[in-house]
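Consider the two complexes below, in which chain A is the common component and chain B and chain C are the respective partners.
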Partner chain A sequence: MPAKAKTYTARPASGARGRRGDSRAQAEARDRRRAISRAGGFRVTAIALLTFAFEAMGLLLACVREPGAVDAQALSVLALIAPLGLFTTLILPRALPMDALLMALTNFLCGVSIVVLYTVSTERGLRQAIFYVAGLAVMLAMSGIVSRVRRYKGLTLLSMALGIAALILPLAFGDWRYGAKNWVSLPLVGSFQPSEFVKLSVVLSLAYYFSAHRTVPQMLPAILFSAACLALLMLQRDLGTALIYYLTTLVMFYVACGNVPLTALGLCGGAAAAMMGYRMFAHVKVRVAMWRNPWSDPLGGGYQIIQALLAIGSGGLFGVGLGQGTPSQIPAYDNDFIFAVLCEQMGLVFGLLVLVTYLLLIARGASLIGRSRRSFEMLLGCGVLAMLGIQTFMIVGGVIKMIPLTGVTMPFMSYGGSSLISCLAMIGILHGIAARGQEDMEEAILSRS
Partner chain B sequence: MTGAWYRVLSYGFGYVAAAIAAAIVLLSARKQTSDARLWRRVRRGLPQAGVLRVMSAKGRKLAAGLDIPVPYEGTLGAAMSCDVRIPARRVHLRSAFFWMEGDALHMVALHRDGFMVDDVPVEPGDEAVLHDGAVLCVGGIRLAWRVSRAAALRGETPEQPYVTRARRSRAQQGAGEGLGAPRKAATRRERRRSAQDEDEARPVYRARAAKPGAKKPAAAKMEKTNKTEKTGRKKQPDKATKPGGEGRAKAETAAASKRSGAAKTSDKRR
Partner chain C sequence: MLTLLFALFGVMTAYCCYSVFFYGGRWVSNPYNPRITSQKQSVVMGTVTDRDGAVLAYTDASGARRYSDNRETRMAVSQVVGDSGGQVSTGVETFHAPYLLGFKSSVWERLADAFTGTPQRGDDVRLTISERLSRHITESFPEGKRGAVVVMNYKTGEILAMVSLPQFDPEDMESALADEEAGALVNRATQGLYPPGSTFKIVTLASALENLPDLDDFAFNCTGYYPVGNYSVTESAEHGVQSLKQAFVHSCNTAFAALSQDLSYQMLGATAEQLGFNENFMFGDLIVYNSSYPIDDLSAEDLAWSSIGQGRVLATPLHMALIACTVARGGLSVEPTLLASITTAQGGARKLPAREPGSRALPAAVAQEIEEDMIAVVKSGTGTRAALGDGYVVAGKTGSAEVSDDEGVAAHAWFVGYVVNDNAPYAVSVLVEHGGSGGAVAAPIARRALQRAINLGL
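Take a look at the complex of A and B:
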């Protein structure tokens, strides 16, 4: 039986796929257009609209919370933050150096914070909304600086000098709060934490000095500055922030030079310092003891952790309801333990999804800094992400009793102007780095074509 | 609204909020993965700064003819964290730091053993400028530097192929200074020296030009002078020795006039 002859049918010629080469070229051109496009796409639009819906529903619920009364302030907060979120996610990235997805995730986290805080305390919710607006302005300023400034030597030295001065301020004029002297009260400005803003100068100085030839002696000025900041924070008894600074320095050191022995040495030094701190400071001993067994002192040192764990547990999977529950039972429920309040009211599922959102934020930041061509930008972004990630891990881990509790705030979530503004400033740095990467890509595409 | 209705609505809001958060997470993850794929696709079509082609390899990991892509800035060495990884035993973990300026690759040694460019040793403290075709020798591995077309189109031919003392050990951070940038006084002195007459008596060492039929390529020029030469004069020997075709490769190193404490002091000041 003769073998059946094979037949080849030519593809019908069409405008877009007439030849294989044309379709590939068109696909490449389409990819390049999308790569340099500043628009976020339909997914980012969907995220922005979902965030808008969440804020609208949450604040409308808060508006009718009191039987027979309508809270007009909730409507004003809604009118302030919801359109602002849409504007900063959908419109601004087309005109300014910003990344749309990063902005969308940031707006979602800030929106959750404002909604939850408003139902817990209307005054705190309103102030948080105002801090959010101020933080957006700072974020845009930082984004503009990072995307436009080319010489960082003067800025680095200035920020180092200002950082040291800012950390000395609380020691000279500060108040003792919750066992630490890290707050400064100024007329017309109010009280703020200088250590939240010194984070930016630490990251900047480390990135500048580590991005040169990366030999250890050349990194010394930044290491010494970081050590000075650590020493001042130890004097303030702000050990949580000191730990964040230390771990960020270590991460940036390893990323810059890849020197495993020295990094391990630094880690051992940190462990030794932690042991010394445990012996020197009584409240550290208390925190470690309460982490090991909070039930040993349920009405004293362990009260806070126990209440937080009970709140998380009583919330179940989907929470007791917005504005329900008893968050005021937890000491510092609006800043350090906001995560416990969130889990109680919105449920464990929502709390886990918020943590996944943090991970996505960090992953997005990592992909943005991976596009940068300059080591300075990469290290700056790495420092920012390390700070945000370490701080989030420390506070969530402390709340759920995974690690001993430290007195740090949850980024974007905790009530506090200093914390929110400094976190948004760090997001602004990431926006600037994203913009530089975009410019380099545009340049590369244009030079090739 | 009564309290009971509020409780019902707020309890239901928990489910809605979880659904909204799940949708946001899924959309963000999808957007992130699609963006990453898009950038990888686009970058594949775009060249990096250039490639280092392995000329003489040892071992299984480095075959002769292998092209190692080179980004616009990074480190070179055997470590996994290096931007240009050369997996060979004799290559140090971090051998050099490089960056692109125009269409030339600038490289400084990070290890005391240094490296060689066109058979000219480059020690720590010196800065090598590699043009297209330069042969880099690090840890016994010979690599030919080929600049990409995009970088070549965008780059400008530098007026001074030699790196002057004022520009030595400068990390590229935009167009500004970096760690180790000289002070303004040093820059002014450098400019005064470059404006002086060429006949000033200073020792200048140059490699001999390759004789016709010579097997070895002409070695790069070595100068032990602080003075920079004029552009025209520098380019002439290259045109004279090159047999034709596109410019071969010229790697110039700016060697310190005194390989003593003066140069090392300026290095330490960094």
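Take a look at the complex of A and C:
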């Protein structure tokens, strides 16, 4: 595999392609590319228009909610996000290395999040819309990097160093929030959660070391880095995020080398660590007890989960309506518990639809990385998808009381810049991988003729 | 890997649907749901009446929640109806708030309200209980004692009265809350878990009839005690040699302890579970706490004690009434109902919650034999004080459940039974906390309750 990768590094960057003569093979490649984008065209347009309609109706409703007054802010949020959604889905993928279907699904999730947040708290909706715009910019930057950069060694080492530094920051300067010390305030940037961004470093370093080197000692630097991150997260008491890192590492290890005994060993080690964590941290014990029977302490430890269940139950199949109900009763309603708010307002059917959207997004991502020819990209994509999938499962499963609650955000939906921007950056990575897969295909057609 | 993730999401979706479908209604009507309080501000809560239309709870012109004008009525039905503040967590005012507050109204009904300009009104709920029977039972209960009485129609499953003592006045919640220690806010009929004592012998008898051959030859010489394990099961009287029927009629503890040793705890546990022990009662009309029969490995001694309803066996008075219903119906179980009808604000009838059709809990022949033995209990055994005149035959079983090793603490008095008559299909369950002997204390209360139900022709 690595040998193959080297032959491709000699390729000129994509920009140089246009200056070459328009051979028949190139024309064929272009036609094929267009054929692919046309095949996805109808679905993409449908999703984009649905998203547009949802945002327009939701925010127009919010705009006239107060009788006799028009909320101009709702209109400005609508003017910001709705055209941007259409633009990034329908127009941008023609010019930039992007996948239109992936973009359409991402935009749908982000759009739902902004509308629901706006109806619950106008200020948060507005801020989320701004984070969304910033996140899209980061996404484009990431997709540009992944589709162009050929040598990752320097980038990986840099991101590892930055990652460790970023995780030490909150321990040194941060303050405790909800029983964890995982936030940090910086001048100019404002307050943010470094662990959200370090996810990218972890996936990158694991993909880099696991793709180039296949023996365990050679894979060690990445495993050590991941372990160091885990240790720092434990110190921050951010156990939910630690669990995501750990499971992602395990998934990537298994995908990279397929070594079942070692993966099982890692799984057992994690289970042992979880048992230890259960013994050591009082709040983990409370979480587990409240998962088993939240009704035992309905106004104390079980309050959060009970309020979430009450909200989901009150919504019924079709919900009480956007902006209706009393979502603010649920602690962290805009954040970890946004799924409960969604179910109360739009109903169980819509909640399940959102879950299906996550699955479609992951399935699309999997099909994109399946086309890539380099194990590095494949692993990078796997890591990103594992992270998104595991995180969604953990938080939604926690909110509906299927598994113990872990305080992690719901990708794309939860309020917060760190989470949204890092999730969109991951989508950017997938776009970049998709673009490279596309190039590889053209290359293959060219070389065949 | 992807398949695994999809499977996890599939499980999550299924779990979410399952829990909302089965528990969603209970979440909504939970007293911790702030939406109920907020809905009360904007919706006129519907009226609650008894089976004859007597008003038990209503919303007055000023929007305040009021209860029956008659204080005795208010008290007698207090735990069934509940209170506007949700202090009684299982009351109709809380559990059926989704109807009363119009959560179940369709979009069209809400639109109709919006167009006519009337404030939205919740549904009116008519209950199966009789306010008159409830008052009568309250009056006939021993002064100052705590306990519960349930009267049901065993043909339909309707709850005709469900009285729990002490009671409270919903118009005067301050004093009810000030004296919370008394436990008036708990519905002892559905939330009180008591050792069923000798009334559990109905279950043990059923298990023996189902599982043991040649019971006709059963003969046990009662000498007042039966050694098992390190202890002895004792009996106040020496009954001498008796058949199984005689042992049941005299409620002989030692004979049943001996019988239990022929049964295994798997057999007895299986019969108990058929009859609803350890079952998560999910009735559509009311919340009933789960009764428990321990099915983990019982020692010979534990098995002996459990066969006479002592030890870790616990049951609610309502559940014991359901067991009487099952015997009365020839072994078919019935779901208890509390809602007679629901009327929408527009005058239409709302669909009642789904009820499980009865299932076979006991073979008909077994139920028939238990009925004969229970008739004998009232005719010539421990339950003679429950006998009715006018040709009404009563089948029943008494119980005196020991609750303390201290001799000075009186046992809980039980009576469980029913009228063997198609035109008066009434089942009853009486529990008097620390009442003493079931035959002396609980049986007369049961008789008066059944007599009144017959007189009222419910």
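Definition applied: the second predicted complex is superposed on the first by the 407 of 449 C-alpha atoms of A that agree within 3 Å, B and C clash if a C-alpha of one lies under 4 Å from a C-alpha of the other, contacts with A are read in each partner's own complex, and residues count from 1 in each chain.
Everything that follows uses one rule, which is that a residue touches a chain if its C-beta (ideal position, glycine included) is under 8 Å from a C-beta of that chain, and two chains touch if they have at least 3 such contacts.
This one's a predicted model, so the numbers in the text were calculated from it and none came from an experiment.
In the superposed model, A:Glu123 makes contact with neither chain B nor chain C.
Of the two partner chains placed around the shared chain by superposition, chain C is the only one that A:Pro298 touches, whereas chain B remains out of contact. With both structures placed on the common chain, the touch criterion links A:Ile400 to chain C but leaves chain B unconnected.
Between chain B and chain C, the partner in contact with more residues of chain A is B. By the touch criterion defined above, A:Asp175 reaches neither chain B nor chain C.
In the overlay built on the shared chain, the residue A:Glu442 is in contact with neither chain B nor chain C. Once the two complexes are laid over each other on the shared chain, residue contacts for A:Gly321 go to chain B alone; chain C is not touched.
With both structures placed on the common chain, the touch criterion links A:Tyr358 to chain C but leaves chain B unconnected. In the superposition on chain A, the residues of chain A contacted by chain B and by chain C overlap at 363. Note for the complex: chain A touches chain C at residues 251, 254-255, 298-299, 306-307, 309-310, 312-314, 316, 325-326, 329, 348, 351-352, 355, 358-359, 362-363, 366, 382, 385-386, 389-390, 393, 396-397, 400-402. Contacts from chain A toward chain B in the complex involve residues 28, 31-32, 34-35, 40-41, 43-44, 46-47, 50-51, 53-54, 57-58, 61, 64-65, 67-68, 101, 104-105, 108, 150-153, 208-209, 211-215, 217-218, 257-258, 318-324, 345-347, 349-350, 353-354, 356-357, 360, 363-364, 367, 371, 373-376, 441, 443-445, 447-448. Taken in their complex, chain C has these residues touching chain A: 1-2, 5-6, 8-9, 11-13, 15-17, 19-20, 23-28, 30, 32-35, 38, 103. Residue ranges on chain B touching chain A, taken from their complex, read 1-3, 6-7, 9-11, 13-18, 20-25, 27-32, 34-36, 38-39, 41-42, 45-47, 71-75, 79-82, 93-94, 97, 108, 110, 149-150, 153-154, 169, 171-181, 268, 270.
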